[in-house]
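Shared between the two complexes below is subunit A, which has subunit B as its partner in the first and subunit C in the second.
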Partner chain A sequence: MASFEETGPRTPVVEPTRVDKVHPRAKLGKSIRVILTVIVTFIMIIPVVVMIMTAFKSRADIVTPPPKVFFQPTLEGFLYLFTDRSVLSPANLEAERANPGNLNYWQKLALSVGQQINGPSDYVGRLKNSVIIAGTSTILSVILGLFAAYAFSRFKISGKDDLLFFILSTRMLPGVVVTIPLFLLYKQLTWNDTHIGMIVLYTVFNLSFSVWLLKGFIDEIPIEYEEAALVDGYTRLQAFFRIVLPQAVNGIAATTVFCLIFAWNEYAFALMLTSEKARTAPPSIATMLGSGGLEWSAIAAGSLGFLIPVAIVTFVLRDYLLRGVTFGAVRK
Partner chain B sequence: MATIELRQVEKKFGDLHAVKPLDLTINDGEFIVLLGPSGCGKTTTLRMISGLETVSGGTIWLNGRNVTWLHPSDRDIAFVFQFYALYPHLTARQNIAFPLQAQGESRAKIDERVNEVVKLLKIEHVLKAHPGQLSGGDQQRVALARSLVRRPAAFLMDEPLGALDADFREVMRSEIKRLHVLQNATTVYVTHDQIEAMAMGDRIVVMSEATIQQIGTPTVVYNDPSNLFVARFIGSPGMNLINGKYADGIIHMAGMDNRYVVPQEWQNVLGKGLNTGREIVIGFRPESAQINDHGELVGKVYASEMQGSSAVLHLTINEKDIIHIRTDRLIPYPIDTLVHFDINPRMVRFFDAETELAFKPEVSQ
Partner chain C sequence: MSARVSDYVGPHPKAHQRHLSNRAIVNLFIWPTLLLLILMNVFPLFYSLYLGFTNYSAIAQKAPVWIAFQNFSKILNDKNLWQYFATTGRYALLSVSLQVLVGFSLAMLVREKFKGNGILTTLILIPMMISPVVVGLFWKLMYNPTFGFFNALLGFSDPSRSPDWLASRIAGQPMPGLALIAVVIVDVWMWAPFVMLLVLSGLKAIPDYLYEAAAVDRASSWFQFWRITLPQVAPLLLIAILFRTIEAFKSFDLVMGMTGGGPGVQTELISVDLYRIAFLGQFRTGYGSALAYIILIIIIAISNLYIKYLNKSKGEG
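Then we have the complex of A and B:
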């Protein structure tokens, strides 16, 4: 009889030798699922694609029925969006067209539709407001939420459940309902149309969400990790930063994205409580509808520009997010 | 290294008295095992020593220093957890170095100490891996290395082998025992496994219902249990316990008309302060009974088990009690045969059925 040494493989087996047989019906089921996913994704992405196309269409192309799929792309929409222009009189137009030498790309583009650039539009400032307000309030609500969630998760707090319920209850009515009282309150505080006012408002609104979400994530981290750090010579604060924080990173990422999306997209409060100085992008895109005809390409360009920051943040955090949005349902 | 002293230490969780006031002195270099069923307060006691749990009363002394209200990090003790508690985001090596970083040691010093313990535990090959990639045994070895690296005054271990496979537990048991001998560090070890306790402890503290039942070496706890709980809990199977009534040097048992003549040296003890006819419990270990055709006690075979080196007979005695006898006669006994046996008179013990306490033998001068 041959010994094992003689019959066994002579070289290490690196490839898996098992052949997995899948039932044809299971294969069919899988491909149906994939096809369905593709179809759903396609349907979901159509409005975005239309928006992106519209942003690069000329005024004439936008209104042509049926909608053109192939067209000459132009940055006209962005010109309308980002600049303040005035219509040139025929005489001035002639003069400008005579020597286009020292004009930059945007000025030439404006000239081609018979206008001249007077300066940047309000939208630039509003996008900046959006970044400041949404960014700051997101960072604040995640940081404050993290500490509160940690305390709720780890310490004995009398009336803990009631407090948590109270925090959640701030979410139990639509925010719009309280806009009038808030408006009056902010008027007293002279916080109307200020960055600080909007940052505080969005932070407060996001805080309940971030406390609850982060508490779930911190609950998932076994307390033994911190206890081990405590007996190993660390203070609680050190243990928090060196042990809890790295473990909670998925939860923090998920919370950040959700808070950012809320603060970034918020419309009703921004419309009511801001006018000029602290106005954010969402209400200002809407007001474009009203002033001087429907500049569809400008609206599409504005929405596109508005979409990009959130898309970037989500993309950067996507790895954490995938694990984060399962809300700790899957054990590592 | 360290002595640990608990004076009237207790713990209450609301209405629940998790640990009733207890005194315990642990000597320098001793391996103490806290043994008891789950919920008996052994883990809580350990956590109070570490400082992870505050005491509700009493004081804790480490090397003569009152540490009762000291932060865990200031007590100079190491804690080994049942589920290892290795930091998942750090590699094994970073885990081991972690306690040293808290002390602000230099990089060279850290490397030196880490290499030292790594060699001691023979885990050189796992250092670059993250805890999730390691087997349970290797995880516990890394956790042990992490506790050793700081050279703490005392080690506290909370069921460190509880999460391991049975056959691997024995390997780790001998490793921990060997480490203790090499380091000669004061160790408090919590377990509910009495075999582990017998194998490892210099002394065993048997706990039940929030109090200490007995403190003693494994031999003492095994041979001279202080009460019925310890008698039942220690040993596998536990001590055989038979109820009977004592009168004039003889214990009468109900049912099968068994009578047991109490050895001479016990007669005075049992006779003292006992009303005639009072309930007594006879206790003896399965290996202290000898099968003998002319034995004074008799039982009916309920089942017999071959265990390789020995066999265990389960006998029904006095109709309701089942006792176990270990025998090296590897012959099967048919069910319901009558088996006669004697009890080694030096190994028999007696308990008061009412107070459940053991009778103390008279000290022969």
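Then we have the complex of A and C:
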């Protein structure tokens, strides 16, 4: 180590040494590129920024032209989103305003727009549905997908390519095509508008994806590890659980998150197959009606709930994103 | 390829009775998945093919009656449906080509690493991960002619003289096609990052020596782009195009969130209309199933190209 330091360069060479990259003109080109990238990125995320701002605007600030960039932030949007309110009559309003003593923050906020809170809104229940349905279906499709992916990756299966193609092709189907018969099938099973119906549907919806993605990850685990384990007297199943699973943890995590996002974002099936009991958040966010049209701040507040997890996930998964969006067909 | 463990067929030296054979494991591992897919995808597929030949309605209390090809001939003779197909085609063509253009440029921009490159790329990628219906909704707000940001950013200050995108009007005058363009803009905003991601991975895989050789030969950067960059990235670009084309024909969420097909039928994509026929108020299940099948055939044709390409590239690699 020491002798290497003596003979090597004082500082590591980080700049490219090719003449076409260190030439002043190339360097100027690079700074132009960086500036351009920053500008473009900024333009691309404007809608996202607008959404975040809208979530914290008051109703008046949202609908007053021209659109405001600076405003007094408020949590009104979240109030509209999560609570069921009724308008107070002027007399009651006076009475309530006279002694605001034992009101909590949200009740005071409601009072400031002349309303009182009656209870949680439908959206709370729908969010709960979303969590239950997306969560359960994701776990199921990853577990099933893992087994199938392992079998496809490690064993000779007759007609393997055809089976894999069949699995992938189910994902290419336009949702509406299968929804009509499923709607009828579910009617027979009395599964329409139930959690179980949506869980099964989303599990299958994500299954093709999880098989393909996980197969890609398992393919990359050297088969020699299992061979060694088998020679050591492990059974196939033991080798799978103790050798392969720990090696595939990253892949499993990435697949889980992708499935979760798909199920969490899904709209078309939920719109057509649920109405009250099992309706998830995406279709209900679209119908956030206030007095006189859409309640923009509530929609924005609700969208924020979709935006933040997605932003975090995108950042965490950035290395796997390419695989994820192409069903594992393209790897880095 | 070296011999696989799975080729080993003799008994395991320490085989116990609970030791499952490889065959049993394979069956145990893949059949639950296959059964679910068959039950939830293949069965519905055949069922809806059958329904396509009937006059069934899901809310009527009548059994389906076989009417042979009446639904299909009605669809093929329906001028409105042809118009929706044309709208969908226009939408697909416009948005996919713009996505390729924008996505490619973005990839060229962030191609070489610089400080903060990772964060910028992540920010650009966020749109495609958001629920399309949510994207549709918040762009509806962006496009609002009086208090939306879109017009304000374009420099229109007077609401009465600026375009009302989703209503296809400019300064009160009807301007057909504007709403479709508005939807295309959002689709490009959302999915150009997808193209960027694919192109970027293609760009990273280009061996450096190709450019070095070109530099030695004093090839212009224009020449390098056409003769090295583009051909090397082309396969991935093709994947992106096929993927996005399939999605465009399935496109439903975004349009429902933004325009619901309006104004009039200007953004009525075929999937949106299918939803209207099969569910919304009409419940013409048989007719809808027939239409669904026609859409399916178009998508299968496109997917086949995609799969064929995938198999080919796998064969090479």
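Note that the second predicted complex is superposed on the first by the 264 of 332 C-alpha atoms of A that agree within 3 Å, B and C clash if a C-alpha of one lies under 4 Å from a C-alpha of the other, contacts with A are read in each partner's own complex, and residues count from 1 in each chain.
Criterion: a residue touches a chain if its C-beta (ideal position, glycine included) is under 8 Å from a C-beta of that chain, and two chains touch if they have at least 3 such contacts.
All of these numbers come straight from a predicted model, not from anything done at the bench.
K.L.:
With the two complexes superposed on chain A, say which partner A:V113 touches: subunit B (first), subunit C (second), both, or neither.
P.N.:
A:V113 contacts neither subunit B nor subunit C.
K.L.:
Who does A:T235 touch here: subunit B (first), subunit C (second), both, or neither?
P.N.:
both
K.L.:
Please work out whether A:L75 is in contact with subunit B alone, subunit C alone, both, or neither, and reply first, second, both or neither.
P.N.:
After superposing on A, A:L75 lies clear of both subunit B and subunit C.
K.L.:
Look at A:V131 in the shared chain and tell me whether it touches subunit B only, subunit C only, both, or neither; answer first, second, both or neither.
P.N.:
neither
K.L.:
Between subunit B (first) and subunit C (second), which, if any, makes contact with A:L93: first, second, both or neither?
P.N.:
neither
K.L.:
Determine, under the contact definition given at the top, whether A:I243 touches first (subunit B), second (subunit C), both, or neither.
P.N.:
The first partner, subunit B, only.
K.L.:
Considering only touches as defined above, state whether A:I139 meets subunit B (first), subunit C (second), both or neither.
P.N.:
Neither: A:I139 stays clear of subunit B and subunit C.
K.L.:
Residues of subunit A touched by subunit B versus by subunit C: which partner has the larger set?
P.N.:
C
K.L.:
Touching A:Y225 in the superposition: subunit B (first), subunit C (second), both, neither?
P.N.:
first
K.L.:
Do subunit B and subunit C land on any of the same subunit A residues, and which?
P.N.:
227, 230, 233, 235, 332
K.L.:
What residues of subunit B sit close enough to touch subunit A in their complex?
P.N.:
Interface residues on subunit B, with respect to subunit A: 50-52, 71-73, 75, 77-79, 81, 83, 85, 87-89, 98-99, 102-103, 132, 146, 150.
K.L.:
If you look only at subunit A, which of its residues touch subunit C in the complex?
P.N.:
For subunit A paired with subunit C, touching residues are 18-20, 30, 33-34, 36-38, 40-41, 44-48, 50-51, 54, 62-67, 144-145, 147-148, 150-152, 154-157, 161, 163, 165-170, 172-185, 187, 200-201, 203-204, 207-208, 211, 223, 226-227, 230, 233, 235-237, 261, 264-268, 271-272, 282-283, 285-286, 294, 296, 299-300, 302-303, 306-307, 310-311, 313-315, 318, 321-322, 325-326, 329-330, 332.
K.L.:
Which residues of subunit A touch subunit B in their complex?
P.N.:
Spelled out, the residues of subunit A in touch with subunit B are 222, 224-225, 227-235, 238, 243, 246-247, 332.
K.L.:
Considering only the defined contacts, which subunit C positions touch subunit A in the complex?
P.N.:
Subunit C residues touching subunit A: 4-7, 12-14, 16, 18-20, 22, 25-26, 28-30, 32-34, 36-37, 39-41, 43-45, 47-48, 51, 58, 106, 109-110, 112, 114, 117-118, 120-134, 137-142, 146-149, 152-153, 157, 159, 189, 193-194, 197-198, 201, 204, 212, 215, 236, 239, 243, 246, 249-250, 252-253, 256-257, 271, 274-275, 278-279, 285, 288-289, 292-293, 295-296, 299-300, 303, 307, 310-311.
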